[in-house]
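Every chain is named by a letter (A, B, C and D) in the order it is written, and numbering of its residues begins at 1.
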Amino acid sequence: MSRIGVFICHCGENISRTVDVERVAAQVGKLPGVAFSTDYKYMCSDPGQNLLKKAIQEQKLSHIVVAACSPRMHERTFRKAVEAAGLNPFLCEMANIREHCSWVHEDKEEATAKAIEIVGMMVERVKKNRVLPTITVPVTKRSLVIGGGIAGIQAALDIADCGHEVILVEREPSIGGHMAQLSETFPTLDCSQCIMTPKMVDVANHPKITLYTWSEVELVEGYIGNFQVTIRRKARSVDEDKCTGCGVCMEKCPIKKIPNKFDCNLGMRPAIYVPFPQAVPNTPVIDRANCTKFKTGKCGLCQKVCGPGAIDYEQEDTLVVEPVGAIVVATGFDLYTIDEKPKGSAIKGYGEFGHGKIPDVIDGMTFERLASASGPTGGKILRPSDGKEPKQIVFIQCIGSRAREKGISYCSKVCCMYTAKHTMLYHHKVHDGQAYVFFMDARTPGKNYDEFWRRSIEEEEAVYIRGMVSRLYQKGDKIVVMGSDIAVGVQVEIEADMVVLATAVQPQKGADSLAQKLGISYDKYNFYSEAHAKLRPVECATAGIYLAGACQGPKDIPDAVSQASAAAAKVMTLFAKDKLEREPIVARVKEGGCVGCFACKKVCAYGAVEEKEIRDRQGNLIKVVAYVNPGVCGGCGTCQATCPSKSVELDGYTDEQIVAMIEAL
Amino acid sequence: MQNYISQQNFNALLDSLISQGKRVVAPRTNAGTVLYEPLANAADMVIDQLPRRSGKEAFFPLCEDIMTYQKEGQKIELQDIDPTRFLETVLVGVRPCDAAAIPVLDAVFSWDYKDEFFLERRKKTTIIGLACTQADDACFCTAVGLTPADPKGADLFLTPLEGGGYACETQSEKGEALVANNKELFAEPNGYKPLPLAEPQTGKFDLKKVKAWLDEHFEDPAWDSIATRCVGCGACAFVCPACHCFDIVDEGTEKQGKRRKNWDACGFWKFTHHASGHNPRDQQPKRYRNRIMHKFKYYDDKFGQTLCTGCGRCIRLCPVGIDIADILQDIDKIEVKVKVEENS
Amino acid sequence: MHPEKPKHDFEPKIIAFVCTWCTYAGADLAGTSRMQYPPNVRVLKFPCTGRIDPVFILKAFQQGADGVLVSGCHPGDCHYIAGNFHARRRFAAFRKLLEFVGVDLNRLQFSWVSAAEGGKWVEVVTELTEKVRSMGPMVEFKELALEEQWSGAIDTPELKEAYEQI
Amino acid sequence: MTQPIDTSIYAAVTAAIQGEAKRILSEGQVTAIVGYAAARRKGSAQPIVISQPDDAQKLIFTPACVNNLAVYLTKAKKEIPKTGKIGIVVKGCDLKALAGLMGESQLKRENLYLIGVPCAGVLGSTIQPDTELTSDSIAPKCTECNERMPPECDFVPAVQVPVNQGLEKKYAAEIARLEALTPQERWAYWKEQFSKCIKCYACRQVCPFCFCEQCLCDRNKPQMVETTPRPAGNFAWHIVRAMHLAGRCAGCAECERVCPMDIPLNLLNRKMAKELKELFEHEAGFEVQEKGPLNSFTDKDDQSFIK
């Protein structure tokens, strides 16, 4: 029989004023299994805790109930005290007779009767408590960062600077991401490449960072502290170790006219290329689809001219497996292409705006490349169609964003600001030009943001028209933009030379399939979901995976960088200890009863349930059962309520404990 | 000798017993199903149908308390059930297949341990049997040595007559007392003709041959073909007039509760499930084999009786159509073959 | 002085199943704010409403509860991401089943009470207690607990007395 | 008014099943076939497992072929060989159970050879199997059946199922009747019904979805449901059973057919099916569903009942 000790706290007079604590102690003392019961003025004080410890030792108590305040207040305190006295901390329970009793009732008789029942209930519960050992999980102190844009770069540098190894994986031939494409950045108008490229170089030179560009995550196995990540290194056809980055191959390549994605297809590149001159690593890649050698077997010029002999046409994709303890996902965004309706998507598109049909209707990123000093026009604003300088330019906001009827309801957050920046850049470069902006409303929260936006109107003479464009069409070499100015209530028609659409920020293509590999959740737009919108904004529900940047939702550079540093801090917190310790309130599968219906797996929000094969000694498969990874389990117990045979049990909240409480009432 | 009672007087007899505070248990309809249940009124009796469950319930309840416990402080208080509180009962309209099972059960409940619960109820119950006039192709009482007019087990045996009423034969002192105490309701027989008896449509089998085969064939592939389809419910055992296995369970809370005796069935997986996790009857055919073995071999070995009265309930109600009469007939045939082989 | 509280003939037993993060904390807040409510409720703490098995509700009624309250985090606030969403479906179905077998659903209350809603906790508990008090005891399950199959029934005055007490 | 049900196709169905069974057994496509065979009593049928081509001639299909054979493929039935591909004779209603079992990782489609049965209806009870199939004796589930030709089977006899129109939808009518009662009246109804229960667990044992090796209701640490066949324990058992099947039950109604005490158990299952359809647009069907209605959710689920 258990020897339960019950300690009733007066909490000064907070409890004893309305609860007859002595009577509670006397009544509870009569319950089966209770070996000792007493009351004390302040159980949480040092003398109170010492009383508890002494009683455990002297009375050889096996289980403890402290009837006092809410367990949310002092459960830790008493469990620690119990542990110090040599008992497992989970053999101690608190009965809440203050917040749930003495403070909310006035009648002493009623409150005392209720307190006796509350304590009695916890006495029955504690009888069924089991010794729970603290769960420890080993931690591999290396991390994986997926995506080499500014968020990924920042996270990788922060973690690496802290002394931990980082694997940075980038799908493109170079890191840099979208920020490398930008001309200047709001609200300071400093050159994007000037602030970006030093960080890229830092990554390349950092002894703790292993950089895999032209690579993709193939498979993720394991769990927090213990992931095994398989990375596909796509065949570059250039040996990275041998290549010096001299660039002769690119000069000699006879195929020169391939539209460069980095320049939004405005500039051209050879078949062997780096996307932009400051690429990191500065190792070219052969675009096999466009290379004559790969298409016809002839040519081979690059190999002939390569001094170090780095060109390798035989190279194949390789798979590397990296053990890591944490993963930062920073896969960033892409722009909504309005002329191309994503397959199977609810997004309806904006065919009426002529993007892709009228050459001088471009998107914001294309404008960035036009404005960039290192861009295809050397920083001159010239029309793609005929290379003339546009004198009238129209910017249209919210293309795709905030348009529920088109399928995207969210605000893309950066467009108001970058359009203001575009009007300024335009005005700086085309002094006699006029910029018009059609907008719904301007959203400029952020340090110095509204000032910046105002400047575009007040100093840079941009004309803002509140209203949407209903139609635009080519007329000669002009584009007629028809819209309404709702502020004045008139129809507006502008004959523009160029139109820039602020298209919506969307997750990268394939974001959903990566999420499935990682076992993280995503919303209907494929943005990755954080564990808690307010309190855990950088963590995924899946333990050990963190989010940085626009893959979680539209973000500007400062936000992306802050979140990246926050994600890095979370990784470093995880790496601060050799072993991950966690409260043992986790679900456990009783394999004997499990029939492998995996209802538990279906309801587990953490992806903690795995399938486990049970085999006999000869190795024959007997059955497949569920297994709950204690490192990943969140401890909610939804699996147990769902399990038809109750073969999964949440420690600390077992059916036995709960039924004992109900039966005590 | 007064041995005729009209239906009207019979009902009057029952009503008078009810008014005397006796529990009169007879077939009645409960939510559409005919069951043996206590009558509030003799008119509720549905005597022309075989109830779904047998009459054994009157002595061997589905569930009964055998002890109660209460815990307070460090004390545990146990309290026995007082069998003298059992009610005086008259069990009415019991067909030969149900009535004959009762003396068969006497053997096991008064063997090495005298089950006071069973025996006390038995003592306090008077059984009014009824000759059977209806049978179907699931009935096989004649194959297990009974007849539709067998009074075995009854204290008073009624034979339904053409034009209503019953011919009554007392079979015991209890029966005699019942008639004697209600003389005014009985009359002289007056040339009444009994209704034609039931004719079970099931073929015959030789119980001795069946037992001889069972003696030799604990292990036999036939069990698999017979009972692979058994789904392991307790329907056959629970509707059987002779099955008598029970389980003892403690139910209640930390503070108080009861020890109870509940019907159990060898078809259940848990029936022989050991605490260790081992189950000697790990497959359904082994469990079904036990049912046949117990009825036609073990009980015979121990008490010289067959634990089956051919009521056919298990045949009608088996979810997967397992037909005990068919099995016994098949065994009967196999046995013949063996003999022929031996002779040749 | 506090006004004299009315005495009732019948004090219902209310069992509340609550999640620890929202409703339990909300009830704590009611305490720290010294709000007052009827003492009839007994609170059972769960990590999450997702852990609450419908059988517990059944068990509570069988153990003599006159009313049952199930309360957790508002949708979207679940500490465990989605436990309350699963619970919401489960109980939407379970209450329909109870209703179909004849349980008066006025005795079974579901609510979302956040850690900040001490007042709502008081309101929910008070309302349920008063509603159930006016309905009288939950006799159905209590009668059932005392009933025996006819065959196992014995003539005990204690049982009869207990039966009459309901 | 009692009207006869046309079952004239069953002879052709039987012949086709026999032919197909013989073919797939002799070609070694399956190791065994679960089907129906005639039994001793006039008009009766019983489940049978055959593994020899010559035994194919034993297979039949008649109005007494009531069983949902899917139960033999679950883990609860360890006796049926689970190695290799197994053939099974399925009616439309049984096929839904198989789809459900696939969704719950109990079966794999590639391990099954489905012999679908065009079905005009079966008997509601086989206590007296020699009963003519009429609008009275037909199983109530058949009055609400829309799936007389099971789809996506490996083999279905090419016959046209005669249409029997105007059958009263028995469950819908009875559920509506009960819903119109007061809670007290409904309680009284079920109390009377459940008082008959003897806890023989036939309802559980024939249910394809009660595949748990150890039923929650058999456990005693803690005892979640009183095991005793007293009114309280019976009530709890039937509520728990209905809840565990909610969103899973495929509607074969075997629980109700086999109940030796005639408790209308399928009413509970039908009621839950109706509610789950109204609440979550869930219906048991032939599609293998990844998640059932009670292990999934949407953020827009009904919460009008939550304060």
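Keep this in mind: contacts are C-beta pairs under 8 Å (C-beta built on N, C-alpha and C of every residue); 3 or more make two chains touch, one makes a residue touch a chain.
Everything quoted here is computed from the prediction, not taken from an experiment.
Looking at A-C alongside A-B, one finds more C-beta pairs in contact between the chains of A-C.
Each chain gets a centre from the mean of its Cα atoms; for chain A and chain C, those two points are 39 Å apart. Look at where the CA atoms of chain A average out and do the same for chain B: the two points lie 69 Å apart.
For the pair chain B and chain C, the distance between mean C-alpha positions equals 44 Å.
For chain D, residues touching at least two other chains, in rising order: 195, 216, 223-224, 229-230, 294-296. Shared interface positions of chain B, defined as residues touching 2 or more other chains, are 62-63, 253. Shared contact sites, meaning residues of chain A that touch two or more other chains, fall at 592, 603, 642, 655, 659-660, 663. If touching chains are joined by edges, the resulting network of the protein chains shown connects every chain directly with every other.
Of all residues in chain A, those touching chain B in their complex are 29-33, 124, 127, 592, 660, 663-664. Put simply, chain D touches chain A in their complex at residues 75, 104-106, 211-216, 219, 221-224, 244, 290-292, 294-296. For chain D in complex with chain C, the touching residues are 178-179, 183-191, 195, 216, 224-225, 229-232, 235-236, 238-240, 242-243, 246-247, 268, 271-272, 275-276, 279-280, 293-297, 299, 301-303, 305-307.
Residues of chain C touching chain A in their complex: 2, 5, 13, 15, 20, 24-25, 27-28, 30-32, 34-37, 39, 42-48, 50-54, 56, 59-60, 63-65, 76, 78-83, 86-87, 90, 122. Those residues of chain B that touch chain A in the shared complex are 71-74, 76, 253-255, 277.
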